[in-house]
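Have a look at these structures, which come just after this line.
In the two complexes below, chain A is the common chain; its partner is chain B in one and chain C in the other.
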Partner chain A sequence: MVDTLWVATLVAMVAGAVGFFTVLRGSTFVAHALPQTAFAGAAGAALLGADPLLGIGTFAVASALGVGWLSRRGRSDVATALVLVLMLGLGGLFLALSAQYSSQVYSLLFGEVLGVSTTQLGPTAGLTAGSLVALALLGRPLLLEAVLGAAADPRGRHRRWLEGAFLVLVAVATTMSVPVVGALLMFSLMVGPPAAARHLTDRPWRALLLSMGLALATVWASVAAAYLSNWPVGFYVGVLGAGVYGTGRLWAARRRRRRGAHLAG
Partner chain B sequence: MPPVPARGAQVLSVEGVHVWLSGREVLHDVGFEVRAGEFTGLIGPNGAGKTTLLRVILGLEPPAQGRVIVGGGPGATSEGAGPGRTAERVGYVPQKVVVDPDLPLRARDLVSLGLDGHRLGIPLRNRGRRQKVDAMLEAVDAGRLADARIGTLSGGELQRVLIAHALVSDPALLLLDEPLANLDLRSEHEVVALLARLTGERGVAVLLSAHDMNPLLPVMDRIVYLAAGRAASGGTDEVVREEVLSELYGHQVDVLHVRDRILVVAGPHGPREADQAAGLPEPPGRTRSRGV
Partner chain C sequence: MHVLFEPGFFTDGPVRLALVLGGAVAVVSGLVGVLTVVRGQSFAGHALADIGAAGGSGAFLLGVNPLWGFVVLGLAAAGSMELMGLQRARSRDVATGIVLGAALGLAALFLYLDASYTSTTGVTTTVLFGSIFAVSGSIVPVAAAFAGVAALAVVVLFRPLLLASVNPELAAARGVGVRMVGLAYLLAMAVAVSLSCLTIGAILSTALLIGPAGAALRLTRRPGRAMAVSAALGVAAVWLGILLSYDSYYWPPAGRGWPVSFFVVALVFLFYLASSLRSPRHGHRRGAR
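Let's look at the complex of A and B:
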């Protein structure tokens, strides 16, 4: 249980931080697609009897690079959809060929945080440290690009490189998180908390920290609730993620109304 | 603060630039100079090549012939001709910036990113930087907007903050791509007056593209008129004349002075529909004028 909580904590920090930039850049579709391509990797690894984490990582990073390579002028929706469809097709094939399917598929799609083993703690901690350092380095250029788009770097020196690095970060966050919260619900952890954080503060770096904090709270509450109720963790993450976002919007709307009333009065 | 080039020093030189895009010559032998402390208007109808020219100056579009030299004085000269070789001291206000209203970013943060947004690493709290950002916001009359979310700003307010963002690193040259598009007349007037004041106060050279020269007439030191990929430059009186513009457009155009405004319209044997698609002015009768 303690290891479980540690892994879940690390996953939440990375998902909250990477998700923040995903939401700001408007690339939540990528955050939705990459975990699902990772699902194909896990299915392939199961078929070959390899470590699922390895399969997930390989497929997620390959998909990220594919999206980065195919996208044009910062528009990645079509490229993402193509990569997603290709990978889902492969995942379906791997599953059909594989003998032991349903229970494993279920845990890959919806997560199995309580089944996290001690051996996952080391790699997860390493990936967390790497991702957070990389985000700290890339934070300012990523933020600037989220505001001005292509014009952030009119001389176009870093743009492709920055896009690629960011997609690989999303892939790494995915690799860590899929075994814990599942491919389908990874999305809720990478989108709900950051989207809520945007509404709660006007300051970018404070919003980033808030996003990580909300992701942590969501995951802790979900793990505790799943442990007590025996319902899937994914259910709680999904519901709480959406709930956090809804609360954030309501709070922002109330604040705006109060400020409006104050100005009018 | 880096040394401000003396007023009148050359900060941009465009020499005999030709650009071909998908088999069509978009710029033909374009050449002009921009000097420190001067306000230069890059005027021309839609499709004349204004944005392409700005891209060439930024080093994004390599010219097929000719060269672009950007520099703030001796030693600071660098060639902008080619995507790899770029000028560091150019501030840029892009065309059509649309801001997500949910973006957690204040005006102050955007200006601060103009100072060091390209750098890697975590921004640390720094009193000097904060003062510089505050002073820059004051300089564009946006001091009271410092803590406003940029998604809540009006068009004119956002334009002022974007100018602060571009100027805070003290560039020698400020490029603005159609900054007056979509502004109401009052904001348009404010932005033009602000830019004119900044050229005087800071010695920066302003190169602003616009399809309508009229809002700029009171402040322009120099005009670069671009039509059908060709340019004429000089004082407004030298350039905006029938014989000069007719030569540029390749057919007769009339230059009409209406009170303090200038209208450029196609003459009696003006372009047909096909030519208009190439960015030539509309014939009289269909010309829309602007009231002031």
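Let's look at the complex of A and C:
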């Protein structure tokens, strides 16, 4: 249980931070797709008898590069959708060829966070630190590009690299978290809390911290609820993530209305 | 002849049903998909498939026909995405993501409860990957009705929707209710996606909605022609996929056959890649995006 909380804390920090930029850039679809490609990686590794983490990492990074490459040649949402279904199709093929049990699919998609072991703690902490350092380096240019668009880099020289680096970062964060918490939980954390934080404050760095805080609160509450009720963690994270966003929007709307009334009166 | 078609391909009942149903689904998805891609709503199209899966697993739990789960939850999700009412493309994807996250949470719960109370194992793989060979014939009339509704909606909505997608201000000035048309379209897409999820699974549903349409829109710029090309590509992918899957029964390593979903997805992906080889006015594309 203590290990679970530690891992969940690490994952929530990364998801809150990476998710903030994902929501800012409007790459929600990528945040949904990349964690799911981990499924193909795990199934492929099982077929070959390789280390699942290696398989997941390879497939996630390859998918990220594939999405980036196809996006430059067409619509990016179409590229994301096609890479996603290709990976899921491959995963289905690997699964059929190696005749595994479908319960493994369930745990990869929806997570087995209460079954975390101490040995998973080390790699997770390492990848968390790496992701946060990378994000600290990429943060400013990413923010600038999200706000200014093409004007941030008129000649578009660094844009490709920035886009690629960001996608790979999402892939790395995914690799770390999916075997532990599942693809669904990772996605919910990367969308709900950051989107709520954006409605609550206009200042980017404060929103980033708020997003990480909300993600932490969501995860802790979910793990506790799952522990007490024995229902899957993914359910609580999904519903609470949407709840946090709804509350954030209502709060922001109320505050805006009150400020409007104040100004009028 | 026998090299290409293994004996019994055309006389086998389930295969024939799969060819007919798969072809019909591919046509409807191809028509709806062109509008999806033009409007940049691939994420919503995919999300509706996953949300439908939540509905399907919920229906398993209640013991009702999964069809109702797919349709009810799909329509509810489409409605709430529109209700969150975010008009800019970026925030629209966030709204889709929030609804999808909540629905996936429900799916996790339903699947967990399915496994622990009704002892229906393997629901996850059935709902996600579908099994086109295991479709029961009783579904055909309902599926046909759904396909009809979705296709009719596309025909009726076609002109106002295209205008509202390309130029919302002009559409509003001409008296088109941009939001109403958008909602109607989202609901039609929900019906089409539920239908395809139910018959061929969530993965193939997304593949057939986005892939052929994306390829067709690179081959031609006229919407009507793109719809025809998209439907044709979809049908080709499904039929070839079924044929390959049928032939693969004796392939290594297991001798159990390779899944249809893999072949169809791989073919759709190849079509999309091939379409970029001869895309009209390629140089202008990047700027127009």
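The rule we apply is simple: the second predicted complex is superposed on the first by the 261 of 265 C-alpha atoms of A that agree within 3 Å, B and C clash if a C-alpha of one lies under 4 Å from a C-alpha of the other, contacts with A are read in each partner's own complex, and residues count from 1 in each chain.
Rule of thumb we're sticking to: contacts are C-beta pairs under 8 Å (C-beta built on N, C-alpha and C of every residue); 3 or more make two chains touch, one makes a residue touch a chain.
As the structure is a prediction and not an experimental result, all values here were calculated from the model.
Peer 1: Please tell me, clash or fit, for chain B and chain C sharing chain A in the overlay.
Peer 2: fit
Peer 1: Answer with first, second, both or neither: which of chain B and chain C does A:140 touch in the superposed model?
Peer 2: first
Peer 1: Between chain B (first) and chain C (second), which, if any, makes contact with A:93: first, second, both or neither?
Peer 2: A:93 contacts chain C only, not chain B.
Peer 1: Figure out whether A:241 sits in contact with chain B (first) or chain C (second), or with both, or with neither.
Peer 2: second
Peer 1: For A:29, using the defined touch cut-off, is the partner it touches chain B, chain C, both, or neither? Pick first, second, both or neither.
Peer 2: second
Peer 1: With the two structures laid over each other on chain A, which partner does A:148 touch: chain B (first), chain C (second), both, or neither?
Peer 2: In the superposition, A:148 touches chain B alone.
Peer 1: Which angle, as a multiple of 10 degrees, do chain B and chain C span at the CA centre of chain A?
Peer 2: With chain A as the vertex, the angle is 90 degrees.
Peer 1: Scan A:80 for contacts with chain B and chain C and give back first, second, both or neither.
Peer 2: In the superposition, A:80 touches chain C alone.
Peer 1: By residue count, which of the two partners contacts chain A more extensively, chain B or chain C?
Peer 2: Touched residues of chain A are more numerous for C.
Peer 1: What's the minimum Cα gap, in whole angstrom, linking chain B and chain C in the superposed view?
Peer 2: Minimum over all C-alpha pairs: 7 Å.
Peer 1: Share the list of chain A residues that count as touching for chain B in one structure and for chain C in the other.
Peer 2: 26, 195
Peer 1: In the complex formed with chain B, which residues of chain A make contact?
Peer 2: Going through chain A, the ones touching chain B are 24, 26, 136-141, 143-144, 146-158, 195, 197-199, 201-207.
Peer 1: Can you name the residues of chain B that touch chain A in the complex?
Peer 2: Residues of chain B touching chain A: 58-60, 83, 86, 92, 94-95, 97, 99-100, 102-106, 109-110, 113, 116-123, 147, 149-150.
Peer 1: Note which residues of chain A are touching chain C in the complex, please.
Peer 2: Touching chain C from chain A are residues 23, 25-29, 31-32, 72-75, 77-78, 80-82, 84-86, 88-90, 92-93, 95-97, 99, 102-103, 105-106, 109-110, 184, 187-188, 191-192, 195, 231-232, 234-239, 241-242, 245.
Peer 1: Could you pull out which chain C residues touch chain A in their complex?
Peer 2: Chain C residues touching chain A: 37, 40-43, 45-47, 89-91, 93-94, 96-109, 111-112, 115, 121-122, 124-125, 128-129, 203-204, 206-207, 210-211, 214, 218, 253-254, 256-259, 261-262, 264-266, 268-269, 272, 276, 285-286, 289.
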